[in-house]
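All chains are identified by letter, namely A, B and C, in their written order; residue positions are counted from 1 within each chain.
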Amino acid sequence: MHSFWSVGKGLVLLLLTPALSAAQSAAPGDIANTVREVQQYGFAIHILAMLLLGFGFLMVFANRYGYGAVTGTYLVVAAGVPLYIGLRASGVLSAEAVEPHSIKALLLAEFAVASALIAAGAVLGRVRLYQYALLAVVMIPFYMLNERLVLDGGLGVTKGFTDAAGSISIHAFGAYFGLGLAVALTSQRQRNVEVTSDAASNRFSMIGSMVLWLFWPSFCCAVVPPGQLAATAVNTVIALCGATMSTYVFSSILGKGKVAIADIANAALAGGVAIGATCNVMPISFAFAIGLFSGALCVFGYAFVQPRLQRRFGIVDTCGVHNLHGMPGLFGGLAAIVVLPGVAAAQLTGIAVTLVLALLGGLVSGFVIRATGMKQSGYEDAEDFANTKEQAVAAVS
Amino acid sequence: MHSFWSVGKGLVLLLLTPALSAAQSAAPGDIANTVREVQQYGFAIHILAMLLLGFGFLMVFANRYGYGAVTGTYLVVAAGVPLYIGLRASGVLSAEAVEPHSIKALLLAEFAVASALIAAGAVLGRVRLYQYALLAVVMIPFYMLNERLVLDGGLGVTKGFTDAAGSISIHAFGAYFGLGLAVALTSQRQRNVEVTSDAASNRFSMIGSMVLWLFWPSFCCAVVPPGQLAATAVNTVIALCGATMSTYVFSSILGKGKVAIADIANAALAGGVAIGATCNVMPISFAFAIGLFSGALCVFGYAFVQPRLQRRFGIVDTCGVHNLHGMPGLFGGLAAIVVLPGVAAAQLTGIAVTLVLALLGGLVSGFVIRATGMKQSGYEDAEDFANTKEQAVAAVS
Amino acid sequence: MHSFWSVGKGLVLLLLTPALSAAQSAAPGDIANTVREVQQYGFAIHILAMLLLGFGFLMVFANRYGYGAVTGTYLVVAAGVPLYIGLRASGVLSAEAVEPHSIKALLLAEFAVASALIAAGAVLGRVRLYQYALLAVVMIPFYMLNERLVLDGGLGVTKGFTDAAGSISIHAFGAYFGLGLAVALTSQRQRNVEVTSDAASNRFSMIGSMVLWLFWPSFCCAVVPPGQLAATAVNTVIALCGATMSTYVFSSILGKGKVAIADIANAALAGGVAIGATCNVMPISFAFAIGLFSGALCVFGYAFVQPRLQRRFGIVDTCGVHNLHGMPGLFGGLAAIVVLPGVAAAQLTGIAVTLVLALLGGLVSGFVIRATGMKQSGYEDAEDFANTKEQAVAAVS
C-alpha cells in the first residue's frame, strides 16, 4: 500500500510550480489564437474521452477483471496528467518549459498518458491497483526523455523525423515499454491463467473500441498546423475505414468464415495507429492503403505473432498491444520513408532510439514496480475489490 | 465471401482521385472560414459518434445479435464513407464535385452513411456480415441520385424544397429503402423468429439512444448557415424534449400504466427526425409541438403500424425504422408546408420522388444482395462469429 | 397518471413566448461573438452528454432499476429544459430575460437540469416515473429563485459571491433539495429495502462516471470569460485527478486493502464538484489540493455520514448525492474564502440562503410530489415497465 505514496513524491514538483493567476493566463491574444485555443480545447476533451471511455472500456473485455480495468485506467490518468504537466512546467527533461495553465500542456500530458495506458494494456490484470498509478509515474520520465531526444531533436540526428500524431513516439513506445514491463511483471502462475471474455464484456469492449475510432481524428489533428485540419481528419477516418474492412476480411478468412469479435474491437483501430506518423501529409489513397494493410497486420499479429511471443519468450501481452500499437505503429513510421523524400535516416534513427528506450525503460520499470509487490491471481477483481462475489451489495448502509 | 470484394471495386474510384498534398488543402483562408471549419469539424465528430455508438448500440437491443449489430455498423461506416467521398470527388452522380480533403466531404458522407444505417436497421440480423458493407455500396449511388435530383435541384421542380437536416432525404429515404430491402431479404423461416431482448441488451440500447439524442443538435446544425446555429440547436433540443415527454405519456397509456423501454429508447428520438426539415426556421413553440406529435406518432407506429406491415405485407422491420425514421421523417417534411409559404409543390414533389427512389432502390438492392447469399438463422451471432456459445474465450493463446 | 399533465401547464408559458424567426437570431455579430458561440455550443453538447449518459448511467448501478434510472433521467431533462428556457425567456423569476433561441439559454437550462438530476439521485427508485418530470417542474422555480437571489445579486448582500461553475448553486443546492425530497418521499417499507448492484450494473455505472469526468471541464468553462478557458480547463482536470487518487487511497484504507467500486465511480468526481466555485481563479497547486481533499471527503461521506443520516433522520439518499454533491460543493464554496480576499461575508451569506432554500424547497416539493401518488416498491423496474421479468421480448410483434 505504502508504495502508492511514491506517486505523491513525483507530484511535489507540481505543487512547487509557481501558482499562476487566472489574470496571467487570460492575457488578450489575437482572434486567431483564440480560435486555435477553442479548437485545441475540443481536441483535448475528445482525447480525454479516448483515454477514459476508450482505453478503459476496450480493456473491459476481460470479464472477471472489469472493475480493475476501469479503475486502473482512472489511476493511470490521475497520476500521469498532473505529473507530466508538473515536470513539463519545470523544464526538467524537456526541450522547452510549457505553461501549465495551457491547453498545450494538457494535450501533451494526454499523449503521454495514452502511451502509459497502452503499456498498461500489456500487463493488465497482473498488477495491483496502486501499481497502475506507479506505472504512470515511472514511465513518464522515460517517455519525456524519448520525446526530447527524438521528437524535439535532442539527439541532433533526427531532423526531419516525421511522427505528427505519434505512431512511433506514442503507440510503438507504449507497446514496447509494455512488453518490457511484461517480462518483469508476469509470474509463472499467471502465465497459465486464461483471460476470459463473454457476451457482455465484449459489448463493453466494443463501446471502448467505437469511442477510440470516432475520436481518433482529434488525436491526429491535435498538434498539426491548423491549415492541415481537413486533410488530417479525412485521412484518419479513411485509414480507420480501411483497417475496419481488412480486419473483417482477414479475421473471416482466418476463422474460416467466422469472425472473432476481439479482432473487430482491436484491429479496426490499427489504421488510426499507423496513419499517425503521416496523417497530415498523405494523399487520401495512401491513407486508405495504410489502413487496409495495418488492419491485416494487426489480425495476423493476434493470430501468429502473439502466441509465438508467449511461447518463445514467455511474454504475456493481455490486450495484445503489440499487435495493435506496436507493429502498426512501426509500420506507420516506416511508411513515411516511402512518401516523404529524405527522411529515411532520421526516421530509422528515431525508431531505433524509441525501441531501445522503450524496451529498456519498460524492463527497468517492471522491476521497480515488482519490488512494491506482486498480484497473486491473474485477471481477477476479487483480490482488489470488495463485494465482487455476491450479487447483492447495499449501496446505502 | 467473395461478394465482399465488390466493395473494393467501388473504391477504385477513390484511389484514382488525384492525391492532394496537405499544402493545397492548407491554403490560407480568412478567419471566418477557419472558424467555420473548426465548427464543422466538431459537428463531423459528433455525427460520427451518432453513427457508431448511437446507431450501433441502439441496435444492440437484440440480445442474441449484439456482435452482429456493432460489427455491421462498423462495416456500413467503413464501406460507405470512402465510397461516398470517392464518388463525390469524382463528380459522377452529383451536382458539384467536392474536394475529398474537406470537412464538407466528410459531413456529406456521414449523412449518406446515416441513411444507410437506417436502412440496415430494417434488415438487421437477417443478412450476413459482409452484406452490411455491400448494402452501403449498393445504396449510396441511389442516395446520391436522390440527393442530386431533389436536394440539389436536379429535377428542376424542387426549387424551395426544404430539408435542412434530412427529415426526408436522409431519414425517410433510409427507412423506405430499408422496407424495400426487407421485402427481398426476409426468408419465411426468419419471419417466424422472434427478436428478443433482455435487461442488459436494453441498457446497451439506451446508451445508443442517449448518444443519438445528445449529439442530434450537431446533426441538425451541420450544414445550416452559421448565423442559424443557436436557433437550430435550441429547436432540436426542444423537439427532442417534446418527443421524450409524449413518448412516455403514450407508451404509458398503451401499456396501461407500464412503459415499454423500447419505446423510450426509440420514440424519444422521433423529435430529432421530424424537426430535421425545418430545424433552422421554426419558432420554438412549433418545434416543441412537432416533437410532441412525432413522439406519439412513433409510439403508435410500433403498436399498430408495424404489426400490420408484417401481417399484411410480410415486411419484417427489425428495429422499427419505419416508426422512428419513416413516418416522423415524412411528417417533418410535410410540416414545412404549414410553416413556410409557397413550398407546398416543391415539398410534395420532393417527397414523392424520394419515396419512389427509396422503395424501388431498396427492392432492387435487396435482390442484388440476396444474390450473394442468404443468412440461415435470424438474429443469431453464432452463424457469423467464433466463440459465441462458450463463456470462456482465451484472449491470449 | 394525470398528475403528469401538470408538466404541460408549466410549459404553456413557453408556447406563449413570441416565436422568433431564424432571421432574427442570425443577426450578423462580429467574429469574436461567433467564436464565443461556437465555443459555448461545444460546452452545451458536452454538458448534455453529462446530463444524459453521465448522470443517467451513473445511476444504473441499481441493478433492478436500470430502466427507471435512464427513463427518469430522460424525463427530468425533457421537462426541465423547455420549462427553464420558457420561464427564463419570460423574465419571471429572473434578473434578466434571456432570448430562448440562444446558446446561453440552453447552457443555463442545462445547469438547472443538472441540479434537478442531482436531487433526483437522492430519491432514485422511490418515485413513479412521471414524478421525475414533476420533480423537475416543481424544483426549477426554486432553483431560479436561488439563482436570482444569490448568483445574480437579487438579495443585495452577495456582491462578490464566487461560484463560477456552481459548487454551491448547482451541486449543493441539488443535493440538499434532494435530502428535503427524501424526507417526504420515503415510505417505511422502502427504508427497509436494500439497493443492490452487480458486476454488469457497476460497469454501466462506470460509463456514467467516466462521461462525467471527461466532460467536466466543459461544465466548468461554460460561463467563465473566454480568456480563462485554459486555466479553468486545466484546474478542473487536475482537481479530478486529485480526487481520483485520494478516492483510491481512502477507499482502500477503509476497505482494508479492498476498494469499493461505488467509491471509484462516485468520489473520483468530487474534485469536479469542489473546484466549481473557484475553477477559474485557483492556482494549479490549490486545484490539486482541493481535488485530493474532496475525494477523501466523499469517501468518508459514504462510509460514515450517509449511514448516520439514515439511522438518525431516516433520510435515504439512494445515490449518496450528499456525499458527492452536498459536502464537496459546500467545501468548494468555502475554499473560495481562503483564496480570494474579501469574499467571506458574501460567500457565507450565499451558502446559507442556498441551504435554506434548498432544504425548504425540497421538503415542500416532496409533499407536492407525494400528493400525486406513492411508488409501492423500492428500486424495482417491474412496477413501471412492461416485460421486465421474462427474458424474451418480441421487438416486432
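What we mean here is this: contacts are C-beta pairs under 8 Å (C-beta built on N, C-alpha and C of every residue); 3 or more make two chains touch, one makes a residue touch a chain.
What you are looking at is a predicted structure, and each value in this text was computed from that prediction instead of being measured.
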item	value
Chain B on chain C, rotation in degrees - Cα superposition, rounded to nearest 5	120
Equivalent interface positions on chain A and chain B, same or different at half	different
Averaged-CA centre spacing for the pair chain B and chain A, given as whole angstrom	32
Residues of chain C whose C-beta touches two or more other chains	31, 35, 38, 42, 200, 207
Touching residues on chain C, where the partner in the complex is chain A	31-32, 35, 38-39, 42, 46, 61-63, 194-200, 202-203, 206-207, 210-211, 213-215, 217-218, 221, 225-235, 237-238, 240-242, 244-245, 248-249, 252-253, 255, 257-262, 264, 268, 280-286, 288-289, 306-307, 310, 316-320
Chain B to chain A touching residues, read off their complex	1, 4, 7, 11, 14-17, 19-22, 25-28, 31, 34-35, 37-38, 41-42, 44-45, 48-49, 51-53, 56-57, 60, 66-67, 70-71, 74-75, 77-79, 81-82, 85, 100-103, 105-106, 129-130, 133, 200, 204, 207, 384-388, 391-397
